[in-house]
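First subunit A sits with subunit B, and in the next complex the same chain sits with subunit C.
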Partner chain A sequence: MRMSLLSKIWIYFLLLVTSAFVFFPVLYAFMISFMTGPEIIQGKFFPESINFENYTKVFSRLPLMNYLLNSFIVSASVMLGQLAVCSMAAYAFVFLKFKGRDFIFFLFISTMMIPWEATMIPNVFTIRKLDWFNTYQGLTLPFFALAFGTFLLRQHFLTIPKELHEASQIAGLSRFAFFWRVVLPVSKTSLVTLGAYGFLTTWNMYLWPLLITTNQSVRTVQIGLKQLQSQEIATEWGVVMAGVIVVIIPTLLLLFLGQKQLQKGLSQGALK
Partner chain B sequence: MKRVELIDVSKSYDKQVDVISNINVTIEPGEFFVLVGPSGCGKSTMLRMIAGLEEITGGTLKIGEKVANNLSPNKRDLSMVFQNYALYPHLTVQQNITFGLDVKRMKKDEQHKKAKEVAEMLGLTDYLDRKPRELSGGQRQRVALARAIVSETPICLMDEPLSNLDAKLRAHMRSEIRRIQKSLGITMIYVTHDQVEAMTMGDRIMILHEGKIQQIGKPIDIYNYPANPFVATFIGSPPMNLAKAEFHETDKQLIIGSEFKLNVPAEEIGKLPRTSMTIGVRPENLYPTTPETKEEDTFHVEVTNVEILGNETIFSFKLGKEEWMAKWGGQWHIDIGDSLPVHMEFESLSIFDEQSGELIKKTIDYGKYVSNKEVPS
Partner chain C sequence: MTRFAHFWRKSVDGRAAILYLLPSVILFSVFVFYPMFRTIYLSFFLTDQTGNAAIMVGFENFMYLLGSSEFQNSMKATGLFVLYTVPITIILALFFALLANEKLKGIGFFRTMYSSTMGISVAASSVIWLFMFNPSIGMFNRLLSVFDFPQIQWLLDPEWALISVAISTIWMNLGFSFLILLGGLQNIDEHLYESSRIDGAGYFYRLRRITLPMLSPTLFFIITISLINAFQTFGQIDILTKGGPSQSTNLIVYSIYREAFINYQFGTASAQAVILFIIILIVTILQFKLGERRVHYQ
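Coming up: the complex of A and B.
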C-alpha cells in the first residue's frame, strides 16, 4: 500500500504521541533512577548529571542479584512447567478420543472464571501442610496447570490437519513421538507466546511470593522492590527506581526476543 | 506386492445404519485398483478402513494372507498419499521423504541414498532443502508421492491425490503415477471421484454408490456394459442418455420416452421384458443421418444447446422430461433451435430393468482393431 507523504507524517506523528504516552512512566522511572533526592522533589524530568549512585546503593542495600536469580529460577520453572503440562493436556484434548472429552474440557476452561485470589487461601494451606514455605516448589508448582494455556494450545493443535496425525500413524510414530516430533514443532508460535506469557506473569507476581516466603532464601525481586520502599520513613525514590529499571530489563529483553520469534512463526505458511 | 482381500466388510458409525455394506473384493498383487464414486459414497471411508485409520465394524480384511482387522496402521505394510498431501510443514523435503525411514531407525546414509534416488525419479533433486511452503502444488504432490514410494511398502493407498492440481498437471501426474506403479509393481488402491482418472489409470475399477458396490471390472467393460443406470450415467462424459421405454407388441416397436419409436429386430423381441424398462444410449451412438439411413430409424429433435469442441460437437435436445446429448465427430454448424435428424440403432442400446436396474441387453462391441493386430475369436 502506498501512502502519500502527508498521511505518512500524520500516522507517524500519531504513533509517536501514543507511544510516548504509553512509555512515559517507564521513561520517567528511568530518569528518576539517575537523580538525587532534591532533584526528584523539585519535579524535574531530566537529571542534571548521569550518576550511577542509586544503582550501587540498590545493590548494596538489597541482595538484589540473589533476588534476580530467584525470580529467574521461579519464572523459568513456571514457564517450563506450564509448557509441559498445558501442551500435554491440550494434546489429550485434541488427539485422544475418550468419553466426555468435551465436557471435561469445558469444565477445565470454566476454571478460568474463578479468580486466582479466591483459591489463594486453600493453596496457602496446602503449601503449609506440605511444609513448602520458602521453597522453589512452593513458589512454582501451583501455577503449572493453566487453563488459559491449555485453551491456547488446544486451539492451535486443532488447526493441525488430522491427515498429519494419520500420516504419522501409518509411518509408525508412537503417540508421544507424534507429540514431540510433529505437534510441538508445528505449534512453535503458540508455545513461544505461552512461554513469554508464563514467564512475565510469574516475574511480575507479587502476592503469592509474599505469602510463601518468610526469609530471603527464595524471595523474588518484586518483594525486594517493596522492601526498598518501606525500609525507611522517607523513601529514596531514586534508589527504588534504579531497582525497578534493573528488574524490568529481563522483561523487556524477553519481549524483544519473543517478538522476533513470534513474527517468524506467524509468517509460516499454511499447509496448502 | 501383496493381495488385499475384503470379505463382507461393512462400516457403521452408530451400530444401526451401515454406511458401507457387503463389500466383497479381492485386489490382486500389483494391480492398480480404483475406487470411484460420487462424494459421500463411502470410498474414502473404505480406503481408511484398509489403512487402519477407521475401525472395521463388520467382515474381514485380509492383507497378504493375514487377517488385518485389528492391526495398527504401521503393521499393515502400506503407505498412503493424502488429498492435502499431509507434509510436515516444519521439515524440509528431504526430511519429509525420509521421515518414515527415520521412524524405522534406518541408518542416516542409507536414508540419504534412498531419498536421493526417489527425488531423482520424481525430479525433486533441486528442492531437497526446501520447506513444503516454498513449493508449488505439483511439487508438494510429488513430495507426498516420494514419501510413499521411499517406504517401499508393497501396498500404496491414495486418497484423491490429484484433486488439488490444475488440469494440465493432473493429466501429467496421472501417467506419472501409473508409470511408477507399473515399474515398482506396487499394489495400488486409488480413490477418486473423477471418472477420467478412474478410466485412464485403473486396471480394474470399483464403482461405489451409497456404500454399496455397483460394479467391479475393467474400465472399458464398465463403459461398454454398465451394470445399472447409475453406473451408466456416472462413467462416460457426457453421460449415457437414459429414458423410460415400453415395448409395443403389435407394432414390434420400442417406444422411447413416449416420443421415439424404434423397430425391434425379430430375434431380439423375446429378450425384452413385457413391462416398462429404462433404455440407455451413449451420446456417440446417436449419429448424423446419411442418405442410406432408413426413415424409421431417424428422429427429428430440436437443439437446446451446442458445444463445439474443435474435434467434436456436442448438442443437447429434450426427449420427454430428459435432456439428451449427442456427440458427433468434427465441427458441425448447428444453432440452438435447429431441428435435426438423428439416427439411432437398436444394437447400440443398453436396456435396464425398470425395477431392479439390472442390465438386460448389452450394446454391441464397437471396439476396433488395427489392421496388423490379430482379432481374437
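Coming up: the complex of A and C.
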C-alpha cells in the first residue's frame, strides 16, 4: 500500500525542518570559520568571501598537524588493539570448551557496570608508576580490552555453523589457522562495526588524554581544542571554528561512510 | 604418566583458552578490577600528595561528603541534569528515527544528518555551543533581541547554566541514540505491518500496538546507556562552565576530577567515585528489574 501524497509532503517537511535544526550548529561553525572578526561581531550567517586565512592561522597557532597525527596514531592503535584483544577473547568464549567459561564471561560483562571515571584515580597512579605519562602506550593500552566489543563479536561468532568448526578440525587446521583464516574473514561486518566504533570513540576521547598528557609530544586534537578555546577566547572565533572544523572532518567522514554499517552492527550488539 | 598424558590432552582447549583470554584478563585486571578495589580502599583513607594512603579514617570521608553542602549541591545538579537530558534526548531521537524509517527517496541523506552529531566530539561540540551561548555575539541572544525578549546570560547565570549545558548535551547525544533506535526499527518484521494495514489500522494505532512494543528492547537498551552516560558527563562541563557559576554545574565526575587532580584530596575524591559506582550499579539493576517486566522480546 502506498502513502498518500499529502502525508508524503508532510513527512518531507518534518524531515527537512528537523534535520536542518540538528545540523545547524555544524553548518554555523563552518560559516564562522571563514569569517573575519568584524563579520562575526555583525552577526552574519554567510561569510562575505571564502578565504582560508583562519585555517592557516590555526595551523600556525597550534601544532595542530602534530595533534592530528597523534590522534590518528592513538585512534588507529586502539582500534587495532581492540580488534585483536576482543576477537581473541570472543573466539575462546565461542569455540573453546574450558572450566569456568561462564564465570569468566560473567566477569567480562561485569566490567561494563564499572564506570571508567570511578577507576581513573588509581589508573593515573598506575600510569605514573609505569612512567607512561606522555606516551602512546599510556593513551592506548588501557582501552584495548573491551567487554562490549567482546560481546559484539561473540554474538557474531555464535552464528558461525558448528559444522565449519568440525570440518576444519578434520582437515587438520590448527586452532589459530581456524581463527585467522575462517572465523575472522566470516565476521568481517562485525569487525568493521567494532573498528569504526573504536576509532570514533577514541578520536573523541577527552578526559583521559587531559589527565595523562602534560606536554605537546603525544597530545591529541581534543585537548588542542581546549587549548585553542582558552587562548583565543573573545578574540578570534573564526580561528577557533576553523580548528573545530579540522578536528571533526575525519570523524564526520568516517560516520558518513560507515553510518549504515554502524547502525546495523550496534543495534545487533545491543539486542541479542 | 598415562593419566597425566590423558589430562594434558583433555585440557588442551583449556590451555588454548588461557592464551586467547590472557590479554583481556591482564588488561581488565590492571585497568578495571585493581583500580576499582583501590578506589574503594582509598575512600577509607586520608592520602598524601602523591595519592598514597596515609591515615585510615573509616567512613569519615563519606560522612564528610554527605554533610558538605558542596557535595549535596553536586548530587542535586547531577540528578537534575539526568532529568533534563535523558527523556528529551530519547523522545527526540525516537521521533527522528520514526521519520527516517519511512521509505522515501533521499532518506539516506536525512539519516546522515540526524546521526551526524555522533561524529562530532564532545570537545568540538562544546566549543561550537560556547560560541552560540556567548552573551554578546552568540546566536541565542541575537535571536532573543530580534523578538525583543530580555537577554539571558546563558552560561554565566546560575539559574540558566545547567539548562544550557543540558541543551548542548541533548544535541551531542542525539546522533548515537538515533542510530541505535533506527537500527531497532529496521529490525522489526515487515509482515507485522502488512497484516495490520489490511485491517485498516491508522498510523498511530500501529505505532502504539506494533512499533513501540517491538522496539521496547532497543528502547530499554538506549535508556540504560543514556542514563549511565549522563552520570558520566565531563567534557562539556570542563569547556563550557568549569563547574560554575557558583557550582551550579558541578556534576559528579567533574567534582571527582577537581577534588583529585586540582585539590589533591584523593581520599574524598575516591569516596565520590565509590558513590558514582554505586549509583550506576543501582541504575543498571533497577533498569533490568523493571525492564524484565516491561520489555517485549520477539
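As a working rule, the second predicted complex is superposed on the first by the 238 of 272 C-alpha atoms of A that agree within 3 Å, B and C clash if a C-alpha of one lies under 4 Å from a C-alpha of the other, contacts with A are read in each partner's own complex, and residues count from 1 in each chain.
FYI, a contact is a pair of C-beta atoms (placed from the backbone, for glycine too) under 8 Å apart; a residue touches a chain by one contact, two chains touch by 3 or more.
Just so it is clear, the structure is predicted and the values come from calculations on it, not from any experiment.
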* To do: Based on the superposed arrangement, let me know which partner A:Thr111 touches: subunit B (first), subunit C (second), both, or neither?
  => second
* To do: Using the superposition on chain A described above, determine whether A:Val182 touches subunit B (first), subunit C (second), both, or neither.
  => first
* To do: Using the superposition described at the top, determine whether subunit B or subunit C touches more residues of subunit A.
  => C
* Asked: Is A:Glu166 touching the first partner subunit B, the second partner subunit C, both, or neither of them?
  -> first
* Asked: Which positions of subunit A sit in both the subunit B and the subunit C interface?
  -> 268, 270-271
* Along subunit A, where are the residues that touch subunit C in the complex? -> 1, 3, 8, 11-12, 14-15, 18-20, 22-23, 25-26, 28-29, 32, 40-41, 43, 84-86, 88-89, 91-92, 96-99, 101, 104, 107-108, 111, 113-126, 141-142, 144-145, 150, 175, 200, 203-204, 206-207, 210-211, 222-223, 225-226, 228-229, 237, 240-241, 243-244, 247-248, 251-252, 254-256, 259, 262-264, 266-268, 270-271
* **Touching residues on subunit A, where the partner in the complex is subunit B** => 161, 163-164, 166-173, 177, 182, 185-186, 188, 268-272
* Structure fact -> subunit B residues touching subunit A in their complex are 48, 51-53, 72-74, 78-80, 82-90, 99-100, 103-104, 132-133, 137, 151, 164
* Which of the residues in subunit C come into contact with subunit A in the complex? -> 11, 13-14, 16-17, 20-21, 23-25, 27-28, 30-36, 38-39, 42, 50-51, 95-96, 99-100, 102, 104, 107, 110-125, 127-132, 137, 139, 142, 171, 174-175, 179-180, 182-184, 186-187, 197, 217-218, 221-222, 228, 231-232, 234-235, 238-239, 253, 256-257, 260-261, 266, 269-270, 273-274, 276-277, 280-281, 284
